[in-house]
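Heads up, the next two complexes both have subunit A, just with different partners, subunit B and then subunit C.
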Partner chain A sequence: MRAPVRHLAVALAGSVALAGIAVVGAAGSLWLNRGLPAVRLACADVGGISPRDAMALVPAGVLWVDARLERDHEVGHLAGAVCVNEMNWEAQVSALVFAWRPAMRVVVYADRGDAGAARRVAALVRVAIGLRDVVFLDGNWRDLGAAFGIDGGAP
Partner chain B sequence: MRERRGLSAERRYCAALCALLVGSIAQGSIQWETTRQTLRPKRGEATVRTAFRFINRGAPVRVRHISTSCGCTEAKLDDRELGSGEAGELTVVFRIESQRGVLRKYIRVETDDPSRRVEELMLVVEIPETVWVAPRFVWWEGRGERGARSFWVDAVGDVGIKSVRATATKSEWGVGVKAERDGLRYRVDLRPPDNTLEGSTVVAISVGLKDGDTVSLPVFARVFGARHDGGGRAP
Partner chain C sequence: MRLAAVGCRWLLGALFLVAGCAKALDPGGFVRDIDGYRMLEGPLLVGAAFFIPFFEVAVGTALVLRWPYRGAVLAAGGMLTMFLVALVQAWARGLDINCGCFGDGPGLFGYPWWVARDAAMLLACAVCWTEATKGPGPDEGGAR
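On to the complex of A and B.
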């Protein structure tokens, strides 16, 4: 009975040691590559905001960023939203920065259930473009349509 | 108990049959070999080409419209009338232009197939980044705040930087480039004219790489006057 227990303990200790080495290796790799754009974007400190909390924003104090494709943006978007997506963001920077004013909070939204895309674009806006107060909408942007208005013909 | 089991098996059979039926309808007549492709162009390539292969497993179908999510992507189909059992390919040409990083381009194929009118194909193009410029926007707020703002040009990957040139579209803006780590990291300092109350400029960054390639990127700059129409946030 003692031998199996000992073997189990050795196996557990080995697994823990291997996991520790992997974690240290990953942390080291992350630190060495911390300057890479992909790492900077992945580590960007952007938080989410629920539609309920977003309702408390003052229209003049928020800049909506629509992270969906241009064609979806044209069909319907929150009033005043600027289209900036992962595919074409370099060409869309100028529209964003000339719509933005100091003290505005940037709220990035995408399709319902695609908060990942909204988060990635929020990271781009913060890290690559340099705006500081950026969050992503963790919910359905259409829930905000009644409060902020929808442009572009969406029902 | 036995009756109950029999009923359950029947239900399962019906459910499987329905699922198969619905599945075959949802798939549509045109079956694509793949609806997503990833391309990794080599450095220096201006265009990349690929093809999405398909076969029409149903009744004859007509392709009504093909559109792409970007002007840089062209999708072409030689014959838009697809007979039953006919195979073909949609050729796609992607122009890299000045784009970099991981790009996703969509190709939308609309047909008169009642079971599936639209198919969306995705092309992922991974263009190696060579230069990273950030932030792309610097600004000054309020009167009297006229210190220099900086942005950085970093070499990414294994190609070093040979030279960095920065030119503002408005010559009265002060621009200076300083090497922080030669060949790897450069700082660009930008200062608006002393008497500017409001204004903007675009700084064209031209980065010469050690392999002879040149990358050009814009950085936007703006001075906001004392009164700007941005509001505060609700508490």
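On to the complex of A and C.
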């Protein structure tokens, strides 16, 4: 076998062996940490929704949840939105619970480019509160501003 | 060249060991860190968050012990390339992340430092690979 090919073959075999060892360790760690909130949240089945699809949910009732920080919420947010973010979850979650009504869909939004924060808060709503109809907005919440209005003085 | 390769090998081994142990001790924090990159979701995200730290520890140990040397260098290079791609895409998308490279510590210097550091480590991998592929390696019965 030519030397470069042989080196690569030996390297690949070694890498696979190391990966095998890592898989055993990872499986053990995952089993020990299976109850971690971060693991449960990451595995929560929360879907994304486009601004157009979010509009279609409105007739049945939507509760907007603003997952951004308070200072951003105060600058401007969708009319009627409740501010609930990861940083102040425990202090803010009661506002969400009191605003929610049966048959309402919960749509969580954050700033464009930070749908991860919206997804995580949506997962929290599903896992911690147990609401089933929760989605996160995968798009720009300001696209909905024309239809619902923006509170807080944002242009 | 040989002295440089030895230095790079020890440096890479130590960095991978420290990084892997820090993440393995705080799996919840690393799940959150990886989530910030917006590349993986659900079970794949959790699987990666638990696999990567142990792979880093295995690779770091193999680099220090020099066995399986070429496998460890290849794996280290592959991981660093993957980390660089993740960082660059997050930077390009303007995501506010904690790099997570050495656990859940504060991201002191931001993207330029993270990318430069990973690129330097990748260069160290190239030095190790050049040295490792001169003749039979220790994982093939060569001198250790």
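Simple rule for what comes next: the second predicted complex is superposed on the first by the 139 of 155 C-alpha atoms of A that agree within 3 Å, B and C clash if a C-alpha of one lies under 4 Å from a C-alpha of the other, contacts with A are read in each partner's own complex, and residues count from 1 in each chain.
Basically, contacts are C-beta pairs under 8 Å (C-beta built on N, C-alpha and C of every residue); 3 or more make two chains touch, one makes a residue touch a chain.
Keep in mind that what you see is a predicted model, and the values were worked out from it rather than measured.
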Subunit B versus subunit C as contact partner of A:Val10, first or second or both or neither: second
Which superposed partner A:Val75 touches (first subunit B, second subunit C, both, neither): neither
Touched partner set for A:Ala22, first subunit B, second subunit C, both or neither: second
Subunit B versus subunit C as contact partner of A:Arg101, first or second or both or neither: first
Touching partner for A:Leu36 - first (subunit B), second (subunit C), both, neither: both
Common interface residues of subunit A - those touching subunit B in one complex and subunit C in the other: 36-37
Subunit B-touching residues of subunit A, taken from the complex the two chains share: 35-37, 40, 56-62, 69-71, 86-88, 90, 93-94, 97-98, 100-105, 127-131
Of all residues in subunit B, those that touch subunit A in their complex: 69-70, 98-99, 101-106, 129, 132, 134-139, 141, 151, 154, 156, 200, 202, 217-218, 220, 222, 224, 228-234
Subunit C-touching residues of subunit A, taken from the complex the two chains share: 3-4, 7-8, 10-19, 21-23, 25-27, 29-30, 33, 36-39, 42-43, 45, 113-116, 119-120
Residues of subunit C touching subunit A in the complex: 24, 27-29, 31-32, 35-36, 38, 41-43, 45-47, 49-51, 53-55, 57-59, 62, 68-75, 78, 93-96, 132-133, 137, 139-140
